[in-house]
Amino acid sequence: MLEVRDLQVTYGQAPALWGLSFELREGELLVIVGPNGAGKTTLIHTLAGVLRARAGRILFDGRDLTALPPHRFCVAGIAIVPEGRRLFASMSVRENLEVGSMLPDAKARRAESLEAVLALFPALKTRLAQAAGELSGGQQQMLAIGRALMTRPRLLLLDEPSLGLSPLIVHELFSAIVRINGEGTSVLLVEQNVMLALRVAHRCYVLEEGRMVADGSPEELVGRDAIRRAYLGV
Amino acid sequence: MAGFALPSATLLAQSILSGIFTGALYGLLGLGLSLSWGLLKQINLAHFAFAFLAAYLCYQLAVSGIDPLLSLALIVPVFFVLGAALQAAMARFSITPFNSLLLTFGLTGIVEAVIQSVWTADFRKLESAYGEHHFKVAGLFVPLPELITLLLAAVLSFGLWAVLRYTDFGKALRASAEDAPIARAFGINQRRNALLLAGACSALAAVAGVCLALSFTLAPSQIYAWIGVVFAAVMLGGLGRALAPLLAGVVIGVSEAVTMAVTAPSWAPLVSFTLLIAILLLRPGRAA
Amino acid sequence: MNKRSARSSPHPNPPAQAGEGALPRTPVAIVGTAVALAFLPALGLPPFYETLLYLILLWIVLATSWNILSGYAGYFSFGHGAFFGAGLYTSATLMARFDWPFLWTLPVAAALACVLGVALGAVVFRVKGIRGEVFALLTLAVTFVLGTIVVNTPLDGGNGVSLAAVPIPRIGSTPPATFYLLALAAATLTLLLAWGIAVSKLGAGLFAIHDDEDAAEVMGVPTFRYKLFALAISCALAGLAGGIHALFLSYVTVGEVFTIAVPLTVVLMSVLGGTRHWAGPAIGAVAITLLLYSFTGAGMAVAGKALVGGILIAAILFMPDGILPRLQRAFTRRTAAALPAAAVVPPAAVPSATVALGELLLQARGVAKSFRGVRALAGVDIEVRRGEILGLLGPNGSGKSTFINVVSGHYVPNSGTIVFEGRDLAHRPGHRIARAGVARTYQIPRPFPHFTVLDNVALASLFGGGLATTAAARRDAMAWLVFTGLQEKAHAHPDALNLHQRKFLELARALAARPRLVMLDEVLCGLTPNEMDDAVALVRRIRDQGATVVFVEHVMRAVLAVTDRVVVLDHGVLLAEGPAAEVMQRPEVITAYLGRPDLAGRPADTPPAEQRHA
């Protein structure tokens, strides 16, 4: 479904991704782990159209997205849940969700999508009129995921959803993510919390300093030193 | 120095009413300015020049016999296109908000020169049927042109507020102003939205210009007289808002009018500018 | 204001290259030209020309004086009319009301305008958010407030002030000549001051403030004091111009000066000529005044105004740095002036601290910092011992960068003490902390884009290291560039460097301030393995020089290789402390980074991975 070939991205002055290649199959929950500074956010932003690749290809269902303007990535069916949420803080919960469904197809099914999101995250139901900036960290993360779901995406990109959240909330979130994936949406999840991410993954890549250094199923990787070395150096 | 003189109740009430009318025009002028500053991150000094250009066009059409309010139908679309075209040109360069201030100042000079070359620096007054009508409400004098201004300002402010609040277009604009890259990632076409918004702000300037023409004597040098007080209204209300400029404008207009009634007309500017200074000192973050 | 650093001009005002002790060429040239021009009236020109020249000189004073604060430091003021007007009315009132002789009113006019400016600056510069357009609007508002007060009080009373009865001193043979000569003197003074500031330490500080005020403050530039001083001089000169102009007009009204026209014209002239150069505004003043008057003379004043507007637009879009830098680039060949080998002295070792090796250098106790409800640091106790390389580690969001920002003075902590060599630094302004011997680098390098690599480091020598002259600072800076291997790039601009070189520039800049404590914020991020090895070696040499290093890093092999001790933060709290290899094996640290295998559990209703993959 998603094929990335030799992706090179510079971020600011620094080259962040050095000829990255990987693929994601339809319906998969693919996890990419790696220490900070490895380039995970750069990858997600490039796949969502927020950053422009310097070289390489992004193929989505055979269509080449690489050179498209940013707002067309969403049209193609890719939605982002950015690191740090990046909600529209002064707008209400409902409005944030509505911004997620601006495109014609999504807009036509807005009511339906809204219901589905609220069913997935009941905590948002009572807070529809509240400003997004006033929510707690966990609620914000739920809203960010909900906003992405409103676009009715084929591929959902999640950038470190567990950041700054307590273990209990993180569990709720990951349950939701698994449920979303179970209903047919492909998921690319980038995480620092390796153990948890591996629990939900179908497959996993390890990203270190802008390059993929290992890949395989979670069971294969858990034992391997690659992860330990990447994160802890020992 | 004029001393303090407590006016009669009627005079005070009349002053307040007159302040509301002037304030409405401040608000109408401030509306386009606030929206383009808050949502497009451009400080458009040329907004005032455009308003005056529209005012002069309205005057000219009136001289040819066209009713000022009808001329809106002609003038507004023209300015909408003008504003969008300007935005298209400016979008090719990445201009900081501060540089947009300087750039539009240059534009103001050009527009002022155009006005002066066509209509000379002499004072021009639009003589219309509206100027001759007035109402008497509860013993107070309500001139028709000012009433029209108030109504237009109210309708447009509320209308835009509703657009920003309830329509998808408005939400897209607000989202883009808050986090442009992420808004784009959700499919919002910012280029197109910016063109529409710029056109709308320009159209608002045109409406304000027609109101100006109805009530005031026009002269090219007068363009600058409104800048300070309208900026005060915009900053008092907060950027990127639709109702706030009108309310802030009215507050300033009324304070000025009361000051004028109680002391002397020449003290009026002190009110708005002291307010502006106070806001900027206390909440500089409002402009960011 | 406009960060088009790719086409930026070089630091526009290098100090005199002549040997130390010879008279600098520029002031001699200025004074010489002025003396020559002083003989112009003897040529017997028609009064029109003398008046035109007077006006040109007046605008030179106004534009150049404005530029001292606004162009150099980047605080574009729209209030120059207020100070001009203050001087104008001071002079007018003293002459008309109190029968003062004209020339005696001038110093008073300048002094009053200066006091006004300082009073304004003392308030406005203290408020952190007031920059850019907010500062511009605020100063504009001040102009109108002042104008309103003047027009409503006996100062003007709405009728203006008539100076027809005041005698004009006989400095020149005719009144126009007199005003011309006075303006010439004022312009000479202004240009000399503008040049003098530009090449001085004050000027270097102002330009640094323009590029990055926060970084400048943390590097040791006393930003508040410098801005205030620049404003004071700027206002004094504007006041002087006002005083002269009062008698020239002989009938003064508020509408002449307390308007938006004066500041906007001044901005236009400076932007056109070049705001970073002492002579830029003067060139703009001459060009614009001549342009406007030639159009007025031809009866096309209106077209002139339009043309000026068009020029401003073109300048903003295509020549944001102004005319002068363009000309400079066209005419000067920028040869990489290599300093003679003898001049490169190996950097002196760090002055010995008052604290002995191994003793406590920095002690942070209970340091807490929150941002809008988010607790970045929740009461942290960290000790740094002299001579060690301490690693500061932790997963994303643990508070490492916040800690560095707090210690260096970017943020004020909500609570806690930070005792450095016996002194509590917690609430001191950034430049004092820098002077005390604390330096830091930034994760994403923040060099001053308009300064050369050499000057970037020289600034640190000047302000952090406390060297006295720019020449000495440059020599010292060169030594640091050699130390970090950047000497080839000394005369390039930061945007010509790659990431690795910019990181090393950051290091050189931090070291030039002669710190006893250096804090490095993710200096290895983005580097290739080879570059990382260079960087690590450099860190060791820094310590060997005598500095103590706090090293925030994610690259674990570097941490293991170079640190003596590490401290691990998590969610704003201290988690562990000790030798790196040992600490990284502790269970709580592993959990913080990777999550706990057993706690991770399986999210509810998730079938095991093997069963899910369809």
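Brief remarks follow.
We call the chains A, B and C, going by the order they appear; numbering starts again at 1 in every chain.
Everything below uses one rule, namely that contacts are C-beta pairs under 8 Å (C-beta built on N, C-alpha and C of every residue); 3 or more make two chains touch, one makes a residue touch a chain.
Everything numeric here is computed off the predicted structure, so don't read it as measured data.
Put simply, the chain farthest from chain A by mean CA position is B.
Taking B-C and A-C together, the chain pair joined by more C-beta contacts is B-C. Averaging Cα coordinates per chain places chain A and chain B 44 Å apart.
For this pair, chain B with chain C, the centres built from the Cα atoms lie 36 Å apart. For this pair, chain A with chain C, the centres built from the Cα atoms lie 40 Å apart.
Residues of chain B that touch chain A in their complex: 168, 171-172, 174-175, 178-179, 181-190.
Contacts from chain B toward chain C in the complex involve residues 1-2, 43, 93, 95-99, 101-103, 105-110, 112-114, 116-117, 224, 227-228, 231-232, 235, 264, 266-270, 273-274, 276-277, 280-281, 284-285, 287-288.
Contact residues on chain C toward chain B in their complex (touch as defined above): 1-3, 76, 123-124, 127-130, 132-134, 136-138, 140-142, 144-145, 147-149, 151-154, 157-158, 259-261, 264, 267-268, 271, 302-303, 305-306, 308-313, 316-317, 320. The touching residues of chain C, counted against chain A in their complex, run 374, 395-397, 444, 498-499, 502, 522, 525-526, 554-557, 559-560, 571, 581, 584-585, 589-590, 593-597, 599-606, 609-610, 612-614. Those residues of chain A that touch chain C in the shared complex are 12-16, 27-29, 35-37, 160, 163-164, 167, 171-172, 174-175, 178-179, 182, 192-196, 198-202, 217-219, 227, 229, 231-234.
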